[in-house]
Amino acid sequence: MKRWLALYAAAVYLFLHLPLVILAVFSFNSSRFTVWQGFSLQWYRAIFQDQQLAESAWNSVIIAVVSTILSTAAGTLCAYGLWKRGSKLLSGSLYLSLVTPEIVMGISLLALFQWSFRWLHWRLGLYTVILAHVAFSIAYVVIVIAARLRTFSPALEEAALDLGATEWQAFRFVTLPALLPGIVAAALLALTVSFDDYVITSMVAGVDSETLPMVIYAMARRGASPVINAISALIVVVFGALVLISERVREA
Amino acid sequence: MKMASGWERLRAWFLLPAWIWMAVLFAAPFAIVVVYSLLTRGAYGGLGLPWTMENYQRLFDPLYLGIVLRSFAMAAATTAICLLLGFPLALFISRAGSRKNIYLQLVILPFWTSFLVRLYAWLFLLRDTGLINTVLQHLGLIHAPLPLLYNDGAVLLGLVYGYLPFMVLPVYATLERLDPALVEAAADLGAKPWPALLHVILPLSAPGIRAGSILVFIPALGAYLTPDLLGGGRTVLIGNLVQNQFTNARDWPFGAAISVGLMALVGLLVLLMLRSEREGLV
Amino acid sequence: MESILELRDLVKLFPNQRAVDGISLKIPRGGFYSLLGPSGCGKTTTLRLIAGFEQPTSGEVLLDGAVVNEQKPYQRNVSTVFQNYALFPHLTAAENIAFGLKRKNQPDIERKVRDALELVRLAGKEARYPAQLSGGERQRVALARSLVLQPDVLLLDEPLAALDPKLRKQMRLELKEMQRRVGITFLLVTHDQEEALSMSDQLAVMNAGAIEQVGTPQDVYLRPSTRFVAGFLGAVNWIEGIGLRPEVTRISRTLPSNGGRFRPATVTGSVFLGNCVHVLTRLESGEDAVAEIPRNNGTYQAGEAIHVCWNPSDEMIFP
């Protein structure tokens, strides 16, 4: 039985990874058709010459970095607070935010923004995307930090108090350093989740706040250009690296 | 208790940011959606009074009911296929000894690359001018491209591809915790590999299967991007319907009603999951 | 002499349990003091009440004459050595020891840390992280970390429980010696009666949230005031309501003639323990008794009729 299982597993892994590998391979195709006609880097060059791509990528980076900083801070503090004493309402709503379908989250945030714009006279823009991204990232951060806290002994904080530290000092000098690997892992997670988001972003982005996924989506919809293959390959490599770093850090 | 007051104060401050964000950017938006679902569509796509239940009544229109049922069927099919494909894989990983972690990473890794990119990979393969059709035509096996894309099958494929790890991980977790002595006892009592699997391992992995099924079913039910890209507008699921109301159709109240209905379904499923599994995620 | 630590009618109630049920204790300055009792008797809760991690339901904790009920742990001048040491894993041994000094902004930290390391004989290992230290070394860092703050009382929560048996015996002597050298009052909490007996100047035996007896090791072992204390401090033979330690219970084939008491009995077994022999007997009354005799005092076979005898002065009588 073991051999069948191994063969089967190989097939499934192939199913999971082959599409991406093929995508990457054809990003080096010199022809824009799906017939291999030779090796070329032209599509990669095209990426760096595309103005729209550059702007949208830059927007994505800004959104990802800012929303990650905010969500990691809020999420870490939240996980710690919940660890001290739980709150069913808060845990419940965080959990709910994870299972809420993205489209529902997107339209409800759009509804909020449009409604509030009646009084504020503002418009959709980068900031609305950032606000939205923090909203759905916090839960991820809380999960990672909460898992880390489960392996943290409360006796350490008691020892800190015993030695003269106040509660805040105990958190700052004892707990926070212990949580640092988890915080880095959570931040990397929030970064990738934010960078990749399309559904929610497309609903709450302004006209001049296009993100990279939105551009990719538009290109994919229009028809295929190997430029997308090239962007995809780059994204896969970058994301893969971030995830690997995150796993390494998490094991520290 | 007075002692706890130092910690209590710290905790109150620490929870504040998350409270505010959840209240303003999660609860409030949804409350607004609920309110909108009870209003009427305005002449130019806005909304206003009168209050009405009409939007919810429309949900039971055969057209929309059909979409809901089809979404259910699609989610159920996705879950079933993920279970069929995922269980043996989880079994394999749980028996892989020292290489367990590597195999697990290999399952998780594609998931954490861009979701959009992974969908596009299938577009690239399944299109009329995609790789599969090109190869088959090149080999002379077919003369005209096969319509692999823009149908229910493609969407199903995309959903399974996207959510397979959600099934594999919980099932693996349960299998890993399985006492190997139980399987040995089964063998000792005369069970060959296949019956042992059916009568011992499968029942004991029920909690993992339940968890995995709900973790696949819920997002599959509310899927939007997959049916949008791989279904090309021909496969309309609940998610696409909602998005359509808020963009092209400009019928926000109706879209809101659908969303509330979807959230109700999701909420029900979550309650089911929490009841069968005592430990929460956070 | 005023006591450094005093507990007055201390009570701590938890939702489903009376953990500490009215304890009063006066602990004098300097000296090694122990709280001995089985798990669940409230000794650890008492320690936590003294340290400030729990608030009493009623009663008072006084340190150096002042009531400290309202004070947080970081305001009290006591320090705790935790059962698993609770060393901060991200700090070196030296940084762990310096932690309390830094929080209180004390001067001359480097010198104090160096002195503390020397006191616990860990000089040279100051740059090591807890993960790189052995169990015994970690315990010494925990000790140094607390002692360097010169607390009024050092609280030790089962400090030897995590060590292996051989190391435990050695650490008992070291701890005792350290207390003598440093002069700070040590309050040890343990369930191991050998530990309490060997290290303490005075000990309090606790049971079910209350103190059953306070006294020197000799007091509680030789003159226990309750059956519980007798049974907890060592083995007891109960003969007609009187308690006798096995080591003062003797066996004789002939009738003893020295004025001691005796009862007829039958040998039921004999256990060779290396340094002595335990002869198991059953008296006519049906009660069992174990006599501890030197190993070269002859052998006894099961079924033999003998006499169990003892000195009246060794009897432990309870009301």
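Per-chain numbering from 1; labels A, B and C assigned in written order.
As a working rule, a contact is a pair of C-beta atoms (placed from the backbone, for glycine too) under 8 Å apart; a residue touches a chain by one contact, two chains touch by 3 or more.
Source: prediction; values computed, not measured.
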Using each chain's Cα centroid, which is most distant from the centroid of chain B? C
With contacts counted as C-beta pairs, which pair of chains has the highest total? A-B
Can you compute the centre-to-centre distance for chain A and chain B, using the mean CA position of each chain? Integer Å is fine. 17
With centres defined as the mean C-alpha position, give me the chain A-chain C separation in Å. 55
CA centre of chain B versus CA centre of chain C: separation in Å? 58
Give me the residues of chain B that touch two or more other chains. 6
Touching two or more other chains in chain A are residues 166
Mark out which residues of chain C touch at least two other chains, giving numbers and ranges. 52-53, 72
Chain B to chain A touching residues, read off their complex: 6-15, 17-19, 21-22, 25-30, 32-33, 36, 85, 88-89, 91-93, 95, 103, 105-110, 112-125, 127, 129-131, 134, 138, 161, 164, 193-194, 218-219, 221-225, 229, 239, 242-243, 246, 252, 255-256, 259, 262-263, 266-267, 270, 280-282
Which chain A residues qualify as touching chain C in the complex? 153, 155-156, 158-166, 169, 173-174, 177-178
Sort out for me which residues of chain C touch chain A in the complex. 51-53, 72-74, 78-80, 82-84, 86-90, 99-100, 103-104, 145-146, 149
Hey, which residues of chain A end up touching chain B in the complex? 1-2, 5-6, 8-9, 12-13, 15-17, 19-20, 22-23, 26, 33-35, 73-75, 77-82, 84-85, 87, 90-91, 93-112, 115, 131-132, 134-135, 138-139, 142-143, 146, 166-168, 171, 192, 195-196, 198-199, 203, 213, 216-217, 220-221, 224, 228-229, 232, 235-236, 239-240, 243, 247
